[in-house]
Amino acid sequence: MNFFWTTLHHLRKDLKLEWRSRDAVNAMLFFALLVVVIFSFAFDPTAAVSRQIAGGILWVALVFAAVTALNQAWARELHNQVLDAQRMSPSPAAALFLGKVLANFLFVTFIEIVLAPLFIIFYNLHVLGNGWLLLLVLPLGTWALVVNGTFFAALGLRTRNRELLLPLVLFPISLPALLAMVQATTAILTGEADPGLWIQMLAGYDIIFTTVGLLLFEVVLHAE
Amino acid sequence: MKKFLWLWLIATLTVLAWGFHLAIFVAPTEATMGNIQRIFYYHVPSAIMGMVFPYVNLIGSLGYLYLRRNNPLRALAMDALALAAAEVTLVFVSIGLVTGMLWAKPAWGIWWTWDERLTTYLLLWLLYVSYMLVRRFSSTGQTYTLAAVISIFAGIDVPIVYMSIRWWRTQHPSPVFFGGPDAGLDPSMVPAFVWNILGWTMWGVFILVLRYGLERRRQQVQQQIANSALDAGLEGNA
Amino acid sequence: MSIENENLHAAELRAASRLYGSFAALRQVTAEFRAGLCYVITGENGAGKSTLLRLLAGLIRPSVGTVSVLGGEPQEQRALIGYMGHASMLYDELSARENLSYYGKLYQPPGSCTECARLDETLRAVGLDPALTKPVEQYSQGMKQRVSLARVLLGDPHLLLLDEPFANLDAASSAQMIALLQQFKTWPLPQGAKRTIILTTHQPELAKNLADVYVRMQAARILNTEKAG
């Protein structure tokens, strides 16, 4: 089986597993909703102000959601020595990684779809800039979080204190992407600036770190 | 080797002492900031060291990853280099951050701002803290590999962080600290500056070599314990 | 890797040791495992049986010495090795068939394909009903063990490494598993290559119909080897 089909194979497995247990999605939804609602209480913003801050709040909610999912991204592989079974497979390890990233990407995107109407309602949002660009920013930003998060969740697999390690490593690594995500989203919502540069940066970031992750995953998986 | 180290240490201490004298007593007091500005002679060298040693760590990590199958002994030495450089980095970056804040508050009234230099610095610090955490908390045998991977990510991330914040700040300028470490540096201040950079560089190298040696010794002791564990039980068994 | 080599030695260790910090899990083991035979490794807990198996599987590397499997590094021969560990190595939320279907595709060398018939056949061979849709977490320990075995057999391995395969099995199930393993040895391979089994157990009597060689381990070393009488 070539790389593409192997990746899809892993993806199908992860989706099936999540469908049976719904662990990740439930946890994520809870956190994300919590953040959205609490910030809405805390700021009770006017329409103009909410456009300024909604970008930041959206990404805070998504980062919390993503880290919740990522902390247990490899939990099913840790259980029952499944990781050994994966390591014994002759198929490329990078496909396992990419499959898991795609799965997590879909889960977080699902949360975004659920959150979007809530955002519009709670923050009385009216997009002043080119709203369609959001359909570019959200996936690019989500991918940035998920690709590095999945990688470092795997890195911490056999480390004690891995729940501490993941956010600690993820924050500095993700900062350029977080900056770009928030700036782009705010620029689109307020219509005050051109998000083009930030979108390009996000795309570049995604390409760089996806490549590095794919190249180094084998090293991490087989480290013993 | 030992003799050379002693000589180096004495030379370093001399340079540092001379640098101290120049910085505190000889260099003129800065016009606007007053004596607080003298922190500059310690802040900048630390900051520069904090940007150089991560690359030593990266070289050590790459060397370890490359050599670990074919030449495990050399790979271990590379890892010792990586570890020593990481610790020295952490110390210098911490000093850089703290002295920077101590300087900024009286001089400009703020402890912190998210400009490209400070942000990169903080992130460098966080990355190396996580590097040290991975080394402490991972199981033996994986430690070197996992830490090396983090080192690679750090190496890629730091320039990206710098560039991204720089772009951001061209759109939203933050309080400008100063154009560059020696922009507008009065010629009378240059000697103090130069001697301190030299002194702290020598100190950084000295500590690196010491720590490297310490780690190599630890590795050798570990090897010996391992060897005796291998031989144990030999007597009285087929 | 010549065919002759593979026919001679399925696996070989030369002065192989494995250290965890200062703890020696395996001490200077030199051993040869000839192709076509079944080796039963016995010893107390902590004797190093699992470590030896994991070294052969390529899941860990020797700290000192060398390991070679089927003429090459274990990490390169993964497609030809089947490893069954203590734990089930299965996804709890999936059924037996789903697990096998997943692993089946993962283990085949690139370019070939698995037919559904083989999945069902393998499940029946270990005594399970392929139509069972219960997730594996609801199986009894014995059933899980059988699915684990099915998982490794599916990959059509040249070398089968089994860590305590008879644990948690009742007498009838063990007998069934032994019969299956005896059959496994006879499954044909191209170019005259032979299939090898290396298993560890606390109950060597169970394997007496299967074993060709007994290997006794103690304190991380091989004490002696003995041909089955």
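A, B and C label the chains in the order they appear, each numbered from 1.
Simple rule for what comes next: a contact is a pair of C-beta atoms (placed from the backbone, for glycine too) under 8 Å apart; a residue touches a chain by one contact, two chains touch by 3 or more.
Predicted model, so just to flag it, every value in this text is computed and none were measured.
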item: Chain pair with the higher count of C-beta pairs in contact (B-C, A-C); value: A-C
item: Identifier of the chain whose CA centre is least distant from the whole-structure CA centre; value: A
item: Identity of the chain that, by mean CA position, is farthest from chain B; value: C
item: CA centroid of chain A to CA centroid of chain B, Å; value: 32
item: Centroid spacing, where centroids are CA-atom means, of chain A and chain C in whole angstrom; value: 38
item: Where chain B and chain C are represented by their mean Cα positions, the distance between them in whole Å; value: 48
item: Per-residue overlap in chain C, given as positions that touch at least 2 other chains; value: none
item: Multi-partner residues of chain B (at least 2 other chains); value: 139, 141
item: Touching two or more other chains - residue numbers and ranges from chain A; value: 224
item: Footprint of chain B on chain C - complex, ascending; value: 17, 19-24, 27-28, 63-64, 218-221, 223-224
item: Chain C - residues contacting chain A, complex; value: 57-61, 75, 78-79, 81-83, 85-94, 98, 102-103, 105-111, 135, 151
item: Interfacial residue positions of chain B with respect to chain C in the complex; value: 139-141, 222, 225-226, 229-233, 237-238
item: Contact set on chain B toward chain A in their complex; value: 65, 119, 122-124, 126-127, 129-130, 133-134, 137-139, 141-142, 145-146, 149-150, 152-154, 156-157, 160-161, 163-165, 167-168, 171
item: List of chain A residues in touch with chain C within their complex; value: 1-2, 6, 9, 13, 16-17, 20-21, 76, 79-82, 84-91, 222, 224
